[in-house]
Each structure stands twice: as structure tokens, then as C-alpha cells.
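In what comes next, subunit A is part of two complexes: it sits with subunit B in the first one and with subunit C in the second one.
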Partner chain A sequence: MSLPEHLQATFSPDEIQFIVENEPIRIFPRITTRQSVRSRHRDQITQAKCTLITSDDHNVNQMVAMQSTELPLWLALLLKQQNKCSIVAPRWLTLQSLDQSISFEKKNSDRFSSLPWNWLVLAQLLFGKAPDDFHDPVHELRSRIQDLREVRQLKVLRGLRELNESHLQLDNLSLLEINELRPFIVGTMDKLRQIHTATNPESQPHAQAQLTQQDLDEPPY
Partner chain B sequence: MGYYDIDDVLADSVEFPCKFQYFLPGLGYLEGNPGKPIEKNCRLDLPLWLARILAIVGGDEEGQEDEEALPFVELLRPEMFSPKVVNAIKAGASDLDLHTINAHFYSLAVKWITLFGDEELAGVVSEMVLERSLEMNGHASSVAVQAAGVEAQSSLIGSPFLITMDESEKQLYRLAHDSYKRTKKWIIQT
Partner chain C sequence: MDISIDDILAELDRDTTAVDHSDPSSHLPIPSDGNTTMMNSSFDPSRMPGGKNRLHEDVTPQKDYSRLMTLWRNERCAPELLPYPSLLLSRMLRRVQEQMENIENISMGFYKNTISGDLKNSGVSYDKTNEKLPLLYMEAELERVKFLLRSYLRCRLSKIDKFMLYLKQLDYDETNVTPLNELLSEQEQVYHSRHFAISLKLLNSSILKHMPPELQAINDTEGSVSMIDEPEWNKFVFIHVKEPSDHANEDPLLEKNEFGKLCYTVTIHELNEDVELNIGGIYVMRYGVIKDLLRNDKVELI
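Here is the complex of A and B:
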């Protein structure tokens, strides 16, 4: 088909990264794009202005060096690459708050700590592209993130025992974690549902919707 | 299970034991001797696509219009859903060699359950799906990492469990393993 098979029912990790890169993040610019009133009056040297259609370009044109502002992550990474800004790590990405999350994970074996939906992707991106902007040593942050990931994976593994034909509640599971589990969980629950509907076709609340889906698969005679 | 689903077509060609409930002239080729009739109570293995229809529709014998017509064939319980297999599933689903019992076990089980409303079998099979899925997830999520990146190889070559998976499990395994692999690859690269 026109869409490759491995993308038909899920996102690739790169697409997840793309989604996360649309989030705003706080930066310290090292350049000034705000035009002073005086230079505006002279209006001979017109500075190039940034006009964006997918995000707000107001902040981009009002940057003052070392005055923190918010930009979309993709733009921040581009500026960071050219040494034109430094990125402020989000508040949850410090040793202290990561330690808190880890201890929460260990204390509550039945739920996930409330990290943002993009924690894993954002951490990986910032460790890779802006390792010099953290107050805490990056290798320790990295190992905390790794710890968190492993604790949560263990919980996921335990949670998979509860797979059933109707539903599953996964509070606070992040997008990348959901995405890597999606094919397995959806596939297994689909099988369970098929067996369940085979015995009692009426009890299924979505029986109607499934019927129409099947009708689509069937060729018109 | 769509019309063009190749696995479904293959599953539909698996033969089931049937008993004919009519004397039918001309259909002897099903038995392997064309030109001859099929006797009543003759036992035959028919592919499911044929057996399923014949087990539903019936010829009306003279004067039976009020009663529900007896279908052409009666489907007999096949070996793969026999008590022996069911007991083996209950004993330990993840150690079972499902591929040898039947390569399309799940889709056939679903078809069988749909035909007969067999709730007991449904319970047993759902338990098995869950238990074997967990085992499969364990194999799928173990991604070997090498210095150059992520290798395609998962668990040990010829890991005994992988050989025992039926076709739908293999498909799911491949999907799940690919997903874990891609994620790990991304994490290592960035």
C-alpha cells in the first residue's frame, strides 16, 4: 500500500519525536531579534523577520539575549545547534525531582508516577543535543532516567497479566512507552475480543461498528 | 478476518471431519471416486469452507417443510479441539506445541466457537491466548544490542518457544518485536 506496513497501525519513534518537538520549551537566547524603537524609525535596514504558520512567531521576533522566552522545541534545537541559545531543562528533569519520581514508583507498585507524556523523548533529545545546559551532571541524570524506565517497564510487564477483551487503564504512561507496547497489547486484546464475540455476539457493545468494518472487507457481490 | 486475508483463506482450507446425513448422487468425487454417489452416514474430511456451508443448509426431504431441515453434513469434533488437547492447554499453555496441533489454531478456534457457541472452549482458548502472549512478549522484548546498533536477532536462534507458535502468534510476535526494536534503536541513536 502507499503507507508502509510498519506505519499502518502505529507511529515510528521518529514520528513520536516529531510530535514532541512541537511542544514549547524555555530557552535563553544568545541573540537579540527585537528591533529597538530607534532602529525601527530609521527603517532603512529592515531586518529579516521570521513568519511561521504552524506556531506563534511573536516570541521569535522578540528575543533579547539572556532573557528567557518560550519557543517550540524544534526551533530551540535548531538555535542550540548554531550556539544561538541555551535550553532551560524542564523542572522535572533535575536530580531532585527525578529521585522523587523514582521513590514514588518504588512505593506505589500499582501505578505510574505522573511524569509528563513526553518525558522519555524529551530527556533523550536534550541529553543528546544540549548536554551542556544542565545544572546537574548529565551522566547522573541519564542513569536516573534509565532507572525510571526500567521500573516502569517492570510494572508494565506485571500489568500485561490483566489484558482482557474490553479495556485497560494506563494512567501516566508516556507516549513512547505506549507506542512500543501498542502492537502487542492491541493484537492480544483483539484476539481476546474475537474469541469473546464469537461466543456471544449480542453482548458486544461495538458489534455494530465491527459489522460495518467487516462489510468493508467483504467485496460487493 | 477479511475476504482477501490470505491467512484466513489458508485457515479455511483446513479439513474437518464430517458425517453426511443424506444419500447424495454424483458427489462421490469428494470421497475420491467420481461418478459414484455418497452414502448416508459416510464420514469424510472436508475443507472448512465447504463443511461450514454444508453444516448449515439442508435439503428438504419430502413432506418435511414445517420442521427445520436436517443439514447435509454434521460436523464432528476435530482432533485439535478434543479433550486431550484441551487438557494439555489447561496443564500448561506456554509449553504447548501449538504449531504441530494446527498452524492456524486460533482462527480455527474462533470459527469453531462462532459455529457452535462453545463457551467452554472459548474460556480455555482465551486463557491460552493470555498465557502464551505473555510468554511471547518476553521473547519479543529481548532485543540484543551490539556496538553498531541494534541487531535483528532477538532471543536465541531456534528458541524452542518460537517454533511452537501458530501463524497468528508469529505475526503478532513479528509486529511486537519490530516495535521494541525500533524504539531501542531510536533511544540508542539519539
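Here is the complex of A and C:
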């Protein structure tokens, strides 16, 4: 079909990264793109202006070296690749706050700590592309992230016992974690639901009647 | 005695920004910029005319892009085909076109500049890579937008393939709320009808003509197995309950639970069960249950 089989029910990890790359991040530019008033007066060959169609181009054209500014992540990574900026790690990506999250995870066995929804992807991206921009040693950050991931995976595995035919609440689970669980959770819960509807024949026609009504009429609220 | 002056300060804040935008707080709740997707939902038609002229001020490339992002993610996860956002897509396509021309123009100008720079043999430090950078960003960005659009449309096409007979049946159905031309774009309608004709021809000439006449229909729903593939309405999906936009207290669906948190209450009819969806929470839910919340942009699929 027009969409490959493996993409039909879920996202690929690359697509998750694509989503995350649209988030803004703080950087220190190493170039100046803001044009001084003087050069504008003297009719020099001015730099081509950058006009973007997905994000605000104001920040890109007003960069001053070593004055922090916010850019979308993909742009920051492009700049970083050419050594034109350094990326400021987000506040949660420090040893201190990661340690806090880990201890929170260990204390509360029934819920996840409130890391941002893109923590895993963002950490991997920054470790890969901007390892020299961290204040803390990268290998320690890496091991903290790994710890967090394992603690959370354990909780997820424990949570899988709760799979049922009605619903599930998974607050603070990150996008990548959801994405790797999606085929399994959805598949299992769908089968459970089918078994449930099949074993309760009196509720089945009722449910179907509800559904067609919902399709045709106003919503029931 | 403490006097709370927050509302007075807010009033003052508004006045300073009211130069170019008319007062943003007073107008009717505008369903955020991707208006086209919710034309057919039950909640806004009466409010649309009031918000219409404001909408134009509200449209920015950034918002359009993030809206498209949400629509793409919803489309990828939802079991059914969602309505086609024609206005949003036409704006996006126009911008892509303009940006392509823009890049072309700039790159030609850039070519000229370097030549003149070489001719001058200028003593000023003239960094050529800095000159190229904006072009690089713009091209990279264009590729990203094009990828998003392509992936979105391909996803829709694969659903059109899958629900070919179901969509055909919707077309004949008079009682149907969303006419086919709102659900599909023009090109998608052409694709649908021609693809239908082609596959029908294939089936007819290879197998169906050898069948007895009462078994020749390809959309038989009376037999032991219904031939029309409907979307799986109760498929489980992951949802994220969005923060309500600025008009939170006007939303009739939103209520407070015993913990003082805002939530929507939905009912799973089959199990006779009420579920509270907290704002900001992530749930695995049946699609049929949250369909209306999705149409009204209260939740997004992830």
C-alpha cells in the first residue's frame, strides 16, 4: 500500500526523532547574524536573510555571538554540526536533577516521575551530536539516563499485568517509551476487548446500536 | 489587608499589546487555527461566523505547521479516515511553493554576489560560508515540511485503499453527516473513484464473472461475512488530554473531580463505566469513546 506495513499502526523511531526535533532549545551562537545599523546604512553586500516557513525566523536573523537565544532543535543541530553554536542542555539534563528523578522513581513504585515527554530522544540526540556542551561529564549523564530507563522499564513491565478491556492510564510516559509499547499494548487490549464483547452477547447488539447512532447523530453529550 | 490586583494588572497588560491585535481575550472561543478540520463537528458551526475574521489574524506559519504536525500524528494513529483540512493544506502548499521560488531567487543572487566579491578582491574579511548558511537552513526546512506533507498524504491514501468500499457506501448514504467531499480532497476523490473502478474491473474479469449472479456483488453485507471493511471503531489508541486553551471556564464538558483537577468525563457504553480524563494525562482508550473529544481538539493521539 502507499504506506509501508511497519508504519501503519505506529511511528518509526526516526519519525519520533523528527517530532522531537521541532521543539525549541536554547543555544549560544558563535556567529552574529544581526546586522548592525552602520552596515545597513553603508549599502554593503548584506547577508542573505533567512526566511523560515515553519518557525519564527526572527531569532535566526537576530543572533549575536554568545548571547543565548532559542531555536528549533533541528536548526540548532545543523548549526552545531558546523561549529556555529553550542547547545545549552535543558535543566533536567544535569546530574543533580537526574538524581532527583531517579530517587523519585525508586520511592514511588506506582507512578513515573515527571520528565519531559521527549527526554529519552533528546538525551540521545544531544549525547550524540553535542557531547562537548555539557557541564557534567557525559559518561555519568549517560549512565544516569540508562538507570532511569531501566527503572521505568521495570515499572512498565509490572504495569502490563493491569492490561484490561476498558482503559489504562499512563501519565508521564515518554513518547519513545509509548511508541515501543504501542503494538503490544494495543494488540493485547484489542483482543481482550473482542473476547469481552464476544462473551457478553447481551451487551454486544446494544453496543453496536450505540455506535451507529453515534456515527449518524449528534454526539451523546 | 491583602488586595489582589492581578486582574487589574492583567487589564493593563492587555492594553499595551492591543496596538496591532485587537483584544485577544474578549473574542469567542476560536478553535485553534486548523479550523477546517472541525467544520463538521457539532460544537462550533454557530460560533464560527463570529470568529471568522479574527481567524485570519490568528493564522501564522508557525501555528499552521504545528497544527499540521498534530493532524499528521492523529491521522497516523486513528483507525478511521479523518476529515481533510483543505484550507490548512492549501496554505501549506502555497508556502512551500513560494519558499522554493524564494530559495531559487536567493541562490541566483548569491551566485552573483560571490562573483562580484571575487572581482573586487575585497580586503574585508568575507566569509563565504556565512553567506551560504541561511540557504542551507531554508533548504533543510523545506525538506522537513515536504516530508511531513508527503507522509500525511500517503497515510491518507493507504486508508482510502483500505476503506474503499466503506467510503463508497458512505457516498450513497443520505443520512451520513460528513459528505465525501469534506472527508477527502479533490485529488483523493479522483484517486478513490478510479482505484475503485480499476480493482472492480480486475475482480470482475478474473473471478466474479464466473460466479452465479447472486454472488457477484463485491459489497455484500447480507452473507455470512460482511464484505465491507469498516474502521475498527473501538480500537485502542493512546491519547494525550490537552490543556484547555484560553477559554477554559466556558467549556461545558470540563468539570472538576474530587481532587480539584480539571477533567472530561466519558462513558464506555459497553461496560457501563465512566472514566475521568485528567488534563495532561496519557490514556489508552477506545477510539469510539474519545472520537468527539478528538474532533473538538480536546485530546490528541500519540
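By our rule, the second predicted complex is superposed on the first by the 199 of 221 C-alpha atoms of A that agree within 3 Å, B and C clash if a C-alpha of one lies under 4 Å from a C-alpha of the other, contacts with A are read in each partner's own complex, and residues count from 1 in each chain.
FYI, a residue touches a chain if its C-beta (ideal position, glycine included) is under 8 Å from a C-beta of that chain, and two chains touch if they have at least 3 such contacts.
None of the values given here were measured: they were computed from a predicted structure.
> First (subunit B), second (subunit C), both or neither: which does A:102 touch?
It touches nothing on subunit B or subunit C.
> Classify the contacts of A:191 with the two partner chains as first (subunit B alone), second (subunit C alone), both, or neither.
The first partner, subunit B, only.
> With both complexes superposed on chain A, which partner does A:182 reach: first (subunit B), second (subunit C), both or neither?
both
> Is A:138 contacted by the first partner subunit B, the second partner subunit C, both or neither?
neither
> Report for A:14: first if it touches subunit B alone, second if subunit C alone, otherwise both or neither.
In the superposition, A:14 contacts subunit B only.
> Looking at subunit A, does subunit C or subunit B touch more of its residues?
C
> In the overlaid three-chain picture, which partner chain does A:165 touch, first (subunit B) or second (subunit C), both, or neither?
A:165: touches subunit B and subunit C.
> Touching subunit B and also subunit C: which subunit A residues?
In the superposed arrangement, which is not itself an observed complex, subunit A uses residues 10, 165, 182, 196, 214, 218-219 for both subunit B and subunit C.
> Please name which positions on subunit B make contact with subunit A in the complex.
Answer in residue numbers: 1-5, 106, 109-111, 113-114, 117-119, 122, 125-126, 129-130, 133-134, 137, 140, 168, 171-172, 175-176, 178-180, 182-183, 185-187, 190.
> Under the stated contact criterion, what part of subunit A meets subunit C in this complex?
1-3, 7-8, 10-11, 15, 18-19, 22, 31, 45, 47-56, 60, 74-75, 78, 82, 84, 165-173, 175, 178, 182, 185-186, 189-190, 193, 196-197, 203, 206-207, 210-211, 214-216, 218-221
> Okay, in this complex, where on subunit A does subunit B touch?
Against subunit B, subunit A makes touches at 6, 10, 12-14, 17, 120, 124-125, 127-128, 157, 160-161, 163, 165, 176, 179-184, 187-188, 191-192, 194-196, 198-200, 214, 217-219.
> Which subunit C residues qualify as touching subunit A in the complex?
42, 61-62, 65-66, 69, 73, 76, 95-96, 98-99, 102, 106, 109-110, 113, 116-117, 129-131, 133-138, 140-142, 144-145, 147-148, 151, 154-155, 157-158, 161-162, 175-177, 232-238, 253, 267-271, 273, 275, 278, 280-286, 288, 291-292, 302
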